[in-house]
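Across the two complexes that follow, subunit A remains constant while its partner is subunit B and subsequently subunit C.
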Partner chain A sequence: MYNPTVARLTYRALLGRRRALILFALPALLLLIAAAVRAFNGADDQIAADVLGGFALATMVPLIGVIAGTGAIGPEIDDGSIVYLLSKPVKRPTIIFTKLIVAIAVTMVFSAVPTFLAGMILNGNGQQVAVAYTVAALVASIAYSALFLLLGTVSRHAVVIGLVYALVWEALFGSLISGAKTLSVQQWALAVAQKVSGEGLVTSEVGLSTALALLIGVTIAATWYAGQRLRSLKLAGEE
Partner chain B sequence: MSSPAQTPETTRIHNIGYRNYDGPRLGRAYARRALFSQSLRGAYGLGRSAKSKVLPMILFAVMCVPALIIVAVAVVTKAPKLAIEYTQYAIYLQLVIAIYLAAQAPQSVSRDLRFRTVPLYFSRPIDRVDYVLAKYGAMASALFILTAAPLLILFIGSLLAKLDFATQSKLFGQGLVSVALLSLLFGGIGLVMAALTPRRGFGVAAVIAVMVISYGAVSTLQGIAYGTDNVDAIKWMGLFSPVTLIDGVQTAFLGAPTAFPGGAAAAPGAGAGAVYVLVVLALIAGSYGVLMRRYRKVGL
Partner chain C sequence: MTTINIDHTSRWFGNVVAVNDVTMTIGPGVTGLLGPNGAGKSTLINMMGGFLAPSTGAVTLDGQPIWRNESVYRQIGVVPEREAMYDFLTGREFVLANAELHGLGAKEAQHALATVEMEYAQDRKIATYSKGMRQRVKMASALVHQPSVLLLDEPFNGMDPRQRMQLMDLLRRMGSAGRTVLFSSHILEEVEQLASHIEVIVAGRHAASGDFRKIRRLMTDRPHRYLVRSSDDRALAAALIADPSTAGIEVDLAEGALRVQAVDFGRFTELLPQVARAQGIRLLTVSPSDESLESVFSYLVAA
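For the complex of A and B:
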């Protein structure tokens, strides 16, 4: 199921040249904010949870998920170079699975590690806040990567659609309509984090079992359907 | 050889009537105008496939619907003023503007770079400065249409609701100045980010990251500064994101209520406002300069 050559090519496509700059800029900004907040405020568990929840998990993780998930396959489909990959004797689900693994790895490295570091800077992991949000970021990385990889095979506007989902659906509707929260990767991840941190600062709108079922279901279904999409992919020219 | 060699006497060159073009040449200004209008139409998907019209038109509708609702409420309830200031409108709907910019700025410049069509433009009688000006102008105009249309709806609606004409005109004018500045600033930033990469997807992500993340970071820090009574620091933090820059300028000079935490106490006065204006103008000029530099070598 895992093809090292495809993986190597995908890593190069994601991290080559200037693209990695966006991926580095976001975590750097998070660490900067964490340092600034600590300098302004001193350690405070509630503020640490606010910053990690509001900025790291709600904004940074989905954005990196969009970049890594769609970036793993979108550009190749866009410029047509995917045919060279598809014409090799490699199963299409294998290609998708490999790209998913790479996208998950990249998202995890660029979101969970800085989240943990920011948590340590903010309050030295008081009340398990840093660990809880790191776990949430790890869990969210998997689901986001699978979802956005699927989007990359479905639409040529994958990045825009992904951003609209991440910013408008999760951030805006999630805070206005409570029903939207049930259908939000962020809340599922928070449910897992809540379990890890125990009482107090991290809360989720969704129960743990529901969240886990939805997380696993969405990931598997998205990966399977992405493989199907790739099997019957039509290469369209640029508009 | 099957056929006998032809003798020189039997070969001749036929004149089949090719002629040079000797009509009027439309020249540089015409080419620049054509590039401008083509880019502006392209920003709304006009003259392109039906699929590429969907997103800009939806975003345009999303921009206008709240204005229509506000106007309807004002007309029905006979309110003494509109529920929202003209200058506040773009700040509230900044996410829509950011998504529009992220979607349309890369399609305006990235495709030219990726398919290496830029050298073809420069084989026409246009210069680097014409290309940059046309693209920049088109992007800023597209944003201006996007942000000024709902203000126009609000203005017409306020007249229908029989609000005071002089006051409303003044507020409307202030709103237009604000969104014009916003269009120039956002357009410049969006084009610079998009022109850095020939891949459309990465361009989209880069633009949205700059717009949304910088605003998120600044407003988080402002909130924390407010919570810890560092009210003086709030106005200087606003210098670090495009949206808060526009907010600061219009608070200082265009009579807008501020969106900064802490309200009027935290808002920049005339002195800090001058700094805001300078930064905005420097950013606009800077994006123009970066674009000019970017297109000095277009072979990639």
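For the complex of A and C:
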């Protein structure tokens, strides 16, 4: 199911492109904000939770997920270089699964690790806030990677659609329309984080069992469907 | 001995028919797939390479379907037309990755790089390569698993004459070693130099098949049309029609020119300046009026 050569090509493609700069810029911004907040306000559990929930989990994690998820396959399909993978005796679902693993790993490294560091800077993990949001970022990384990887196999405009989902749906509608909150990776991840953190600092609109079921279901369904998409991907050539 | 069979195969994209009821067999040796741009050559090659399902019909390799049959890819090497590669890798890394995807390793990769004479630049990033170098690295990636079938889509595009000769040499060797080599081209001379067997595709249809000499004769023996302007059109017309290489002449008064139909292309091109000089006539314009490849091919289809 996992092909180390496909993995190597994928992470080198992800980190070798200019887009990869965002992978470094966003975490750097988070750490900067964390340091500034700590310097001006001192350690405060509620503020720490607000920064991690409002910026890290609501904005940074989905954006990193978009870059890593769509970037793991979209550009190869766009420019046609995926030919070199498809012409090999490698099962196409194996290609998708491997790319998913790489996308998850990259998203986790660039979102969960900085989230934890920012939490430590903000309040030294008081009331488990840093750990709770790190867990949320880890969980969200898996679902976002699967969703955006699928998007990369479906549309040439995967990045734009992914950004719209991440910024408009998750951030805007998610806070306005209660129904949208149920269908939000962010809320699912928060439900898991809620279990970890102290009383009242992390809240989710979704119950834990619903959240887990949706997280697992979405991840598996998206990965399966991406595999199907790649199996029926047709290269039309340049004519 | 590996044979690709294309059996009553069509492929359409929406309303556009790219390949229309084509039946052909590609056997060992070098075969040229000739046709103008947009004729459906790439679509055919994509179906033979397993990147595209036929809309109807069957494309098989020794009886096995190629579409969605990963195990067949062990026998196929593909050199796509598109330039896109993993530009951030070095040539060596790229060929090695292709070898690994076939379950092979560094030894095979190195051998393939040596075959295309790219060892000298193997540690440079592909992004820095010229078009010919890219083509050769693509070639190495397709050869790395010693496939019995090699499919090349417009492999000579962008190559300089020396690289072209090298590649032709390599393909010729592979063909005589019993491998099935198929390459597409829209340039007759390329196909003529390399392929002993030609398949011609025009507008999605299989227009001709066979020995290149036969097809070449069909192409060169067709009537050629020329538009000629001179200092004395009628005197020139009279002198030209006396020679058997000219089949007909029309004096086009509106254009102020002669429309000449020549049957013996070689002889006519020698005759025209000689006649003009002997008669003291100055040639002002001599232009072939149907030399476009499309007209050559449409003539072939009609033949």
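The working rule: the second predicted complex is superposed on the first by the 231 of 239 C-alpha atoms of A that agree within 3 Å, B and C clash if a C-alpha of one lies under 4 Å from a C-alpha of the other, contacts with A are read in each partner's own complex, and residues count from 1 in each chain.
Quick note on the criterion: contacts are C-beta pairs under 8 Å (C-beta built on N, C-alpha and C of every residue); 3 or more make two chains touch, one makes a residue touch a chain.
Worth saying up front: this structure is predicted, and the values here are computed from it rather than measured.
K.L.:
Once chain A of both complexes is superposed, is A:79 in touch with subunit B (first), subunit C (second), both, or neither?
P.N.:
Both subunit B and subunit C are touched by A:79.
K.L.:
Go through the superposed model and pick first if A:158 touches only subunit B, second if only subunit C, both, or neither.
P.N.:
First partner only.
K.L.:
Kindly classify A:9 by the partners it touches after superposition: subunit B alone (first), subunit C alone (second), both, or neither?
P.N.:
The second partner, subunit C, only.
K.L.:
Identify the partner contact of A:231: answer first if only subunit B is touched, second if only subunit C is, both if each is, neither if none is.
P.N.:
It touches subunit C, and subunit B stays clear.
K.L.:
May I ask you to decide whether A:33 touches subunit B, subunit C, both, or neither, giving the answer as first, second, both or neither?
P.N.:
first
K.L.:
Should A:89 be classified as contacting the first partner (subunit B), the second (subunit C), both, or neither?
P.N.:
second
K.L.:
Once chain A of both complexes is superposed, is A:168 in touch with subunit B (first), subunit C (second), both, or neither?
P.N.:
In the superposition, A:168 touches subunit B alone.
K.L.:
Going by the contact rule set out at the top, does A:55 touch subunit B (first), subunit C (second), both, or neither?
P.N.:
After superposing on A, A:55 lies in contact with subunit B but is clear of subunit C.
K.L.:
Do subunit B and subunit C land on any of the same subunit A residues, and which?
P.N.:
Comparing the two interfaces on subunit A, one with subunit B and one with subunit C, the shared residues are 79, 238-239.
K.L.:
Show me the residue ranges of subunit B that touch subunit A in the complex, using the header's touch definition.
P.N.:
Residues 48-49, 51-52, 55, 95, 99, 102-103, 111, 114-115, 196-197, 199-202, 204-206, 208-209, 212-213, 216-217, 220-221, 224-225, 227-228, 230.
K.L.:
Which part of subunit C faces subunit A closely enough to touch in the complex?
P.N.:
The touching residues are 13, 18, 37-38, 40-43, 45-46, 49-53, 68, 70-71, 73-74, 76, 78, 80-82, 84-86, 88-89, 97-98, 100-103, 141, 153.
K.L.:
Contact residues on subunit A for subunit C in the complex?
P.N.:
Interface residues on subunit A, with respect to subunit C: 3-6, 8-9, 12-13, 16-17, 79-81, 83-92, 231-232, 234-239.
K.L.:
Quick check: in the complex, which residue numbers of subunit A touch subunit B?
P.N.:
Spelled out, the residues of subunit A in touch with subunit B are 18-19, 22, 25-26, 29, 33, 36-37, 40-41, 47, 51, 54-55, 59-60, 63, 66-67, 70-71, 74-75, 78-79, 157-160, 163-164, 167-168, 172, 238-239.
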